[in-house]
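Read through the structure below, which is laid out as structure tokens, and then see the notes.
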Amino acid sequence: MEGPKLGGIIAYPVTPFRRSDDAVDEDKLRALIERLVASGAHGIAPLGSAGESAYLSDTEWCQVAETSLDAGRRRVPMVVGVSDLTTQGSVRRARFAERSGADVVMVLPVSYWKLSEREIVRHYGTIAEAIDIPVMVYNNPATSGIDMPPELLVRLATEIDNVTMVKESSGDVQRMHRLHELTDGRLPYFNGSNPLALEAFAAGAAGWCTAAPCLFPAEILAFYEAVRAGDLADARKRFYRLLPPLRFLLAGGLPTTVKAGLALQGLDVGEPRRPLLPLDESAVRQLKELLAQL
Amino acid sequence: MEGPKLGGIIAYPVTPFRRSDDAVDEDKLRALIERLVASGAHGIAPLGSAGESAYLSDTEWCQVAETSLDAGRRRVPMVVGVSDLTTQGSVRRARFAERSGADVVMVLPVSYWKLSEREIVRHYGTIAEAIDIPVMVYNNPATSGIDMPPELLVRLATEIDNVTMVKESSGDVQRMHRLHELTDGRLPYFNGSNPLALEAFAAGAAGWCTAAPCLFPAEILAFYEAVRAGDLADARKRFYRLLPPLRFLLAGGLPTTVKAGLALQGLDVGEPRRPLLPLDESAVRQLKELLAQL
Amino acid sequence: MEGPKLGGIIAYPVTPFRRSDDAVDEDKLRALIERLVASGAHGIAPLGSAGESAYLSDTEWCQVAETSLDAGRRRVPMVVGVSDLTTQGSVRRARFAERSGADVVMVLPVSYWKLSEREIVRHYGTIAEAIDIPVMVYNNPATSGIDMPPELLVRLATEIDNVTMVKESSGDVQRMHRLHELTDGRLPYFNGSNPLALEAFAAGAAGWCTAAPCLFPAEILAFYEAVRAGDLADARKRFYRLLPPLRFLLAGGLPTTVKAGLALQGLDVGEPRRPLLPLDESAVRQLKELLAQL
Amino acid sequence: MEGPKLGGIIAYPVTPFRRSDDAVDEDKLRALIERLVASGAHGIAPLGSAGESAYLSDTEWCQVAETSLDAGRRRVPMVVGVSDLTTQGSVRRARFAERSGADVVMVLPVSYWKLSEREIVRHYGTIAEAIDIPVMVYNNPATSGIDMPPELLVRLATEIDNVTMVKESSGDVQRMHRLHELTDGRLPYFNGSNPLALEAFAAGAAGWCTAAPCLFPAEILAFYEAVRAGDLADARKRFYRLLPPLRFLLAGGLPTTVKAGLALQGLDVGEPRRPLLPLDESAVRQLKELLAQL
């Protein structure tokens, strides 16, 4: 299957909640997506880890998918995270995303129980067969508890027709080497680990999946342009400048830190859902300084 | 807070599904709990990991809680797993369990995002405050992705009035040593790692939380009696006989293997929920042999 | 091959150095071994990790082997550590130990490079063939950097005639389970991890290899007697009392902490060899208190 | 202290042994160093891990140091590995290297016992004070068992005058990020992990320490030139071509695989020292193919 031309900076919005009643704040969500489109991001991916999709009810999930797609589609490629604890739930979400105009769905195997390779293949196969748009296989052992080695990722892309790309968030650049070798560079892999952004591009990544453009899109895009122009020295200089805030976002948890940063920038998107807590005051001050230094 | 007298073998039932429509099979669930009560188990814990609580809808979860409690309460202490991805969901389940007659609720921090210590304490505090029955704090980094060290477990028991016991499933006996030392042996800890059953009792565990009594309750209880009688040589002999099937259950995933074993014993409780797959044929044969050798 | 009756508490002396010239202090070494024999230890093992054998010149190594054997042999079984970075060096030491009256030699694969299974088997085979006394295979990944799983340990004991026992220091009690299962309990395994002493005996260990009897032999032996008598409650009580100093010894490094403790008890055995440094003052005070509390 | 201008490709020769008597083969050693100088390597580093320095007697060590320095010095910078299990032994070797004309000494903390930070700082301080040439601090937890985090490496460079560069072989590119950040890019770091060569240069490494030029120097140097010219696409293409043999060398152990490769190329440098075994036949065939494909 031919995938859409996806590459470059794929921006991950958080999910805004109203402070009054903890409901999804559609206006703020539209505003955030508008901001990301305007910034020049090459793709937008709602309902990923940063989007707290794990903490949404099914109704809320559909609401966020629909609103995001309505705001962003036909302007940039839209990648929708459809991961759910059961295969059936993931299928339902994938179909909804397709119907609502998603260009790609992204699937992380978030099962409570460790899955065998047989179970993972069946899980992805069932979801992919239910839709006609491409599937991005997402490996993130730190959040899903399941680590899919490059061999398995390639197997999924080989055996399942519309699995056409990989998001690798293990942070181990050797995984990308292996993906490159196993497919002679033909399977596009996206980097999902912020502190690996520079090296992932060096290793041939097709793009960078990141929530950081919510807060400093211009700097992220300028870094990407330096990479694309082959100016390694400039890219490195820009990367080392980005690294402290990127590390901060990762260490504090994306929904928590990105929401705090957006509030600092005047876009109040509410608090993350419990059990997540808002960033404490001293960390907010630290974030403010990091953003000011960029 | 004074907890109930909980100790010994706490048996974890699986959740039966009907093959026809994948709905919860209440009759089979009652039959299974009846079997566990009759076997002499010292407590029963529905909706744990083995009970696939992560794969149930809210409605199904309530149905399983109610049916199990109705079948078992007042006969043996009932421990109900109320873990949910959000704090609000866990509170709702904890209240439902209490209202339905649970003696204890068990909580695993199954959040998608890694939680800070501050977030964990708040999560447990909110749940515990919402109910008047004791809370068993459950540490199982392999399934929850969050590892709570002994110091934090003790902190939870110290700061939150009705957190009165711990289930430790890391499989590291040094954690139990530390729990013992930090509280002078006053905080009861239960072992949740099957292959550590012998050593956990040696180290002073109050009980063993296990799904194995679904399949071979008499052997589990005889082992426990040897431990209680202080006959270490006999306990060791029995433990080494139990070890191969215990390892098999753990390696294959509890819902998968226990359901296959129950079918072998004539109680068809259906298949585990997708993405979990039923045990494949060769593994079923292996399980059959292991059970025959007991 | 029939091994000697080795079991119970195997005591590991440190190697005393003279403060004046950093030479091996033979008198102090004899005094220490005398103390261990008198304490009732069931075996003595010079030139182990605690004996700083890695930091001795070949001449010094021979001097310590000869002096220790002269002091202890024919009174208790003597186990001599003969590990060296090269196979040739280990053979030389094994032969010297045998000629000097050792009952058993102990071998850790301390190679700089990770060894393949083929290399490990050849290494042990070459050493064992060069002598007629039993070899104790020693697994301690934390110091040697090479982790020999139970399957390999059993392979060594099966393929090499005079490999007749194992010392397991990984601290993972599941390794002992596996050793037990693989050999139906016929291959004796000794525990080398102090904080696992209680559980290792529960799991069927033949003995405990420990430097702690240098400092508090009576308490170690009383604990062992409780275990042997099958009085698990008493053994557990004694074990939890021993645990804080055992942990301290391990955390601070055996030569460093045991030498500091011996000085506190009036037997000045000098300092450990550089790069090891003597225990700092505040840690010495802590050790003093821990010893006083026993 | 101003270090020498060290950078680019630092080549690590193996230590040739005569097949007749296992003695150091000085002629072959000279031939190998000649080959490395002629290939255009920017530095040569005898007695590293690849040089089996851990398996040499003190006499042999001096012989290799003297022969190597005599063959290479004044033509390219010479970096001599002086690591020994004791501080005293390392000092002796460092002094010998300096007297024999080394430009830099490289030190890995190969102590048998884990060292505390205090012990590591003292170890490096004592060695560095004993000489007047620069010290390269070498972090390689996989072989030394001691992992020095960036903070400690920077501390060593800050507190000890002639510690002026770092070799990082953990394979974790984040360590290089941290080194860069902590010193504003002023402390030169060399990469010692072959499969990280591309990304380490992207991250700003001053050079690449590798034994691979023993076998395919032209390809290594051409890759480096592409990096230096800022042609990332070409560098990546060359890197992915180099990766399979680089991985093979690492996985099989450097002395073992490099010696087998040199024999294939007509320079018989003998076998590695026991416990290392020569590469088995099927692996030799595999290596032959990998080299042919370059």
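Each chain gets a letter, A, B, C and D, in the order it is written, and its residues are counted from 1.
In the analysis below, a contact is a pair of C-beta atoms (placed from the backbone, for glycine too) under 8 Å apart; a residue touches a chain by one contact, two chains touch by 3 or more.
Everything numeric in this text was worked out from a predicted model, so none of it was measured.
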| item | value |
| --- | --- |
| Same-site or different-site touching of subunit C by its copy subunit D, using the half cut | same |
| Most distant chain from subunit D, judged by the mean position of its C-alpha atoms | B |
| Inter-chain centre distance, subunit C versus subunit D - centres from mean C-alpha coordinates, in Å | 34 |
| Subunit A and subunit D, separation of their C-alpha mean positions in angstrom | 39 |
| Subunit A and subunit C: spacing of chain centres that average the CA atoms, whole Å | 52 |
| Shared-contact residues (touching 2 or more other chains) in subunit D | none |
| Overall pattern in which the protein chains touch one another (line/ring/star/complete/other) | ring |
| Partner subunit A, residues of subunit B touching it in the complex | 49, 52, 54-55, 85-88, 109-116, 118-120, 122-123, 126, 142-143, 145, 253, 255, 273-277, 280 |
| Subunit B-touching residues of subunit C, taken from the complex the two chains share | 171, 173-174, 177, 180-181, 185, 195-196, 198-199, 202-204, 227, 230-233, 236, 240, 243-244 |
